[in-house]
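Same chain, two partners: chain A is paired with chain B first, then with chain C.
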Partner chain A sequence: MSAVMTIEELRAGLAWRKNLDKVFVVVGLLILMSCLGLLALLFLDLVRDGAARFGWDFLTQFPSRKAERAGILSAWVGTSMIMLVTALVALPIGVAAAIYLEEYAPKNWITGVIEINVTNLAGVPSIVYGLLALGLFVYQFGLGQSVLAAGLTLALLILPIIIVGTREALRAVPKAIREAAYGLGATRWEVTKDHVLPYSTGGILTGLILGLSRAIGETAPIITIGALSFIAFLPGSPVTGEFPFVNFEWLKSEFTAMPIQIFNWVSRPDQAFQQNAAAAAAILLGMTLAMNAVAIWIRYRFRKKINW
Partner chain B sequence: MKLSWQQITVPALALGLLAMGAPERTHAQAAIKIDGSSTVFPISEAYAEEFQIQKRGKVRVTVGVSGTGGGFKKFCRGETDIANASRPISVEEMEACRKAGIKYMEVPVAFDALTVVVNPANTWAKTMTVAELKKMWEPGAQGRITTWNQVNPKFPKQKLMLFGPGADSGTFDYFTEAVNGKAKASRGDYTASEDDNTLVQGVENNKNAIGYFGYAYYAAHKDKMTAVAIDNGKGKGAVGPSLENVTNGTYNPLSRPLFVYVRDTAARRPEVREFVQFMMNNGDLVSEVGYLPLPKSAYSLAWKHFQDGKLGTVFGGHAQVGITIEKLQALEGKL
Partner chain C sequence: MRRIGERLMSATTATRSTAMGKGAFSSRAYRKYRDRVVELVLLACALVAVFTTIAIVVILVVESSYFFEHVTIREFLTDTMWTPLFEDAHYGIMPLVSGTLTVTFVALLVAIPLGTIIAIYLSEFATHRVRETVKPVLELLGAVPTVVYGYFALLMVTPFLQQFMPNLPGFNMLSAGLVIGLMIVPYVASVSEDAMRAVPRYMREGSYAMGATRLQTALRVVVPGAFSGIAAAYILGISRAIGETMVVAIAAGMQPTLTFNPTEPAATITAYIVQVSLGDLPHDSIGYQSIFAAGLVLMLMTLVFNVIGFFLTRRFREAY
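Presenting the complex of A and B:
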């Protein structure tokens, strides 16, 4: 046997490796499909179980002891308001922290410790955030069992996710861009504000989506801080007809949220409530998908403007 | 539209700052805050719903589920007006309330019958004695009593499959007190779940299963399981959990009253008074959600006690097993 391969041997080897490549594509696709299939199956199962309950009434009625009269109005309004607070609080703080760590912080051991801790925070069980928030927000700051307290709690919860996501996005901006800007005399802040941030918006929003998708389904921390199970009125509207047109009363309002409503219905003796739970779960999943869709759309708009 | 970072972050920060500084506006609307037991929740929810409809939204009633213990914690801090409880207030909770200067009225709202259930295919255990239940569930049975014939030689030699609520549940506390003689004293090697629907499924699917939970869960699955009639050995024979047997006190010791505790200062507010009166006048809502209403006389006596401002608990910090509602109501209250 000679050390030099014949052309046939080379071709056979190449063909085998190319086949391996194809096999990988197929396997990868199968795995992807089974993941998506599982989600679809779950979603369809929920939709089927809850089919009888979907409708305008289900969205516009308050909870009730009668399954057919019960709706999720207070739950979805509560969840939406909490998500709004969470996003508005977590995004600026998370992005600012990430910018500092990535662009400004000196590379020393303190920064190292901070980085490790930020990553570790992402793995802390959510109930721990709930307990912290109960002591700090609810009692210490006197926010009570309010939408604001819940929003701040979930903001804490997703902060590590946003920080890590934002740092990844900032790192993905080519060094040449920064150096070119510095070369033209831009300060560090100008470089960050005018170049790095706009170019990394897509990645930052991805981090936000991941964070909010986690937060929207959280039950433990908001139960801990005192979400209600039965509430048949809505928080005050954030927008009013008279000056100054915005109203912050809703931040102090008591609330319930989708996961709590679902949990409550699942544990009811009356089996008719299981349908309500399935329908509400399908809608919660729908809310998550819709939220993601909006973020993807915003990301797309940002990306379109970037011309390198 | 060109979204820049300033356009996003500046309003967000401004909003946050404004929120912090927003002046606290007093609620013009009357509100009643209720929290506590998950067992009592469906009852309170039904009352809250109907009461709000009757008041045309002039009164807001909110109900939380923190468990009986969690509910009392909030209640004794003065955060809620009414505490839902599936057992009487405990000595520690009485102490906490006393320290905070919280006085309260104890109002019974319904009965719950702890129901022992078996699979419909179970032909041998349609009736059981309390002693047999104890043999099955007491701490000493752990690892030892594993087949039905060990409980009673007349039962077949089949594997014993036990289903019961977890240790955080008030149902667990009451059952262990009534059957084993000491609250929370139970064998640990059984399938425990905080979700009673899981227990229901366990009994539905296993021929050799036996389990216990609140009456409402049995009522919702009557066709798929058998309620065991209980003989307490006091000569009345085996008695099943029915409205009649529970209200006349013969379904004993597994029936228990459910309560709401009303803070006395809250009880002076007209909306809270009206709400309690509404509860006492509409016992039929209780049966609608699967629980057993008290006799009419008990409701009117409870309402009288409430009006008279009878403070404290008649239990002195411990569940009293096997006492009729009339005898309970005659007892002196203790704060």
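Presenting the complex of A and C:
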């Protein structure tokens, strides 16, 4: 500043700059609120459009050529089965990988390569996982267009989410706990299994739920492996009345899933089907938001409860 | 601490029982051996990530090599029509690339300003309480299933835009891009906010001491200081928008057209893959193989952005 300012000019300038601050706060809040408002608007609109279709029948009927008789039975059963496979595959592998990277991994090039891969996989578009599954699971392994193939695909997709979540949880456990256990002669695995893991359950659970909430809405990869949208039967029940009480036929069954059903209905020009799409989308969105809410709540509870 | 107590107890009992011969604790050699096995199992699980990447590359390259036996790379890159499913087949990827880039551009026009303003607000202006409440809620925007966003784009945003633009077709890239932009706002905001918060406090305090207001400090000290991190947020946002599938498949129409006009319908690379997957082409037909070639292009595009983003985030972490 070349000219010497009087005190009045300085004050006026400062007042002006402070007003700009206030304007920015208002703008920031407005933008934030309108983003959240749009989310609320979307949900309310889905509920309003789909209102006519909600009811027991919608949940217990198969898809149909007639919009008013169509339901989402095969879709939600398919989705539940896929989520079961995804969780059973992704949780152990993801947690084990995170334990290795956080507790065991020496600083060498193999660890570096694994780290880069985890970061990179989190950014791979979901449809590329679909192409991978199509080439590998459906054709090379001969799994066909089955519940198992879909579950494995989504498990690979959410693996980075679970790994990152678990690593954060493990990192939050203080060093002192580990050192105390080592001091008493525990081996590394005993330290991890008996001391570090129990303290990180909350974080691991949060990661799993967030991963599943991502998987439940993924449409593109399971369209790519060839999910059908018109399925008027249910895969065999996983639990049977006769010995050995479990049945794995359902893994090989063809399937449909909630997002596939929504996609199919929304693509039809007929407005009655779009109502069905709205109702199913409201249910799917409600499930996703509920899972996220549970994850946030668990994270909050554990953060509050643990006092090192 | 309670667990450590338990271990201490069992350790003392163990010493007592080893004195008596065989104890509750297994032999040292066995425990060491078990540890070694566990470590190998854990390593194998960690390597799944590496194998996934290798498998993606191998599958895309091998499957699209069949495609490139029929179509020259030159034709693939220079032909201006993409009609693999027609009688008169053309295999030029450019119409799909133009659609992808147009949608991404529209999405960034929404996501970059909104995401940056939200990040500055949360990092520099909001109180701790507000930030802790708003962040998880904002992340819900990114958690909404993409097929639901597709419904939103086709049946709410397009009719809304048609009130102002009567000539807008029912399928268009504009509403798809706008909705994808909204979808990646939380992502851009959260990565940029992390970068801004990594700027050390003393830099802000130096600025305040010179008489700067919060906004001046934010724009002239914090944002330049966090530049590489914010750039990483934008670049990772680009990569998300490029890979987004369902919104464009539902709302942008599926005809590959070489155009950069967002008010027209067009197909993106991802939408084309969905379109072919929905049909019932035989596995060995060239139309079917073409989705792997398209997937390879998609993978390469996002890979470039992901790698740049990876190195930029690494830089801002090491800066201070």
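Points to keep in mind about this one:
Simple rule for what comes next: the second predicted complex is superposed on the first by the 248 of 308 C-alpha atoms of A that agree within 3 Å, B and C clash if a C-alpha of one lies under 4 Å from a C-alpha of the other, contacts with A are read in each partner's own complex, and residues count from 1 in each chain.
Methods note: contacts are C-beta pairs under 8 Å (C-beta built on N, C-alpha and C of every residue); 3 or more make two chains touch, one makes a residue touch a chain.
Since this is a predicted model, take the numbers as computed values, not measurements.
In the three-chain model built by superposing on chain A, chain B clashes with chain C.
After overlaying the two complexes on the shared chain, residue contacts for A:Pro92 are found with chain B and with chain C alike. By the touch criterion defined above, A:Phe302 lies against chain B but remains apart from chain C after alignment on the C-alpha atoms of chain A.
Of the two partner chains, neither chain B nor chain C is touched by A:Leu154. When the shared chain is aligned, chain B and chain C each come close enough to touch A:Ser267.
Comparing chain C and chain B on the residues of chain A they touch gives the larger count to C. In the superposition on chain A, contact is made by A:Arg65 with chain B only, not with chain C.
Residue contacts after overlaying the shared chain place A:Gly226 against chain B and chain C alike. Contact with neither chain B nor chain C is seen for A:Met83 once the two complexes are overlaid on the shared chain. In the superposition on chain A, A:Ile162 makes contact with neither chain B nor chain C. Note on the chain A alignment: of 19-27, 127-135, 199-207 or 253-261, the part of chain B that runs into chain C is 199-207.
The residues of chain A shared by its contacts with chain B and with chain C are 92, 198, 226, 266-267. By the touch rule above, chain A contacts chain B in their complex via residues 62-65, 88-89, 91-92, 95, 148, 193, 197-198, 226-233, 246, 248-249, 251-252, 254, 264, 266-271, 298, 301-302, 305. Listing the residues of chain C that touch chain A in their complex gives 1, 3-4, 7-8, 11, 31-32, 34-35, 38-39, 41-43, 45-50, 52-53, 55-56, 59-60, 62-63, 114, 117-118, 120-121, 125, 134, 136-141, 143-148, 150-152, 154-156, 182, 185-186, 211, 213-216, 236, 239-240, 242-246, 249-250, 270, 273-274, 277-278, 283, 291-292, 295, 298-299, 302-303, 305-307, 309-310. Contact residues of chain A toward chain C in the complex are 14, 17-18, 20-21, 24-25, 27-29, 31-32, 35-36, 38-39, 42, 45-46, 49, 92-94, 96-97, 99-101, 104-105, 113-114, 116-121, 123-132, 134-136, 139, 156, 159-160, 163, 177, 180-181, 184-190, 194-195, 198, 210, 213-214, 216-220, 223-226, 259, 262-263, 266-267, 274, 277-278, 281, 284-285, 288-289, 292, 296.
On the chain B side of its complex with chain A, the touching residues are 2-3, 5, 8-9, 12-13, 15-16, 18-19, 22, 24-25, 38, 41-42, 44-46, 48-49, 52, 57, 60-66, 74, 195-197, 214, 216-217, 219-221, 285, 288-290.
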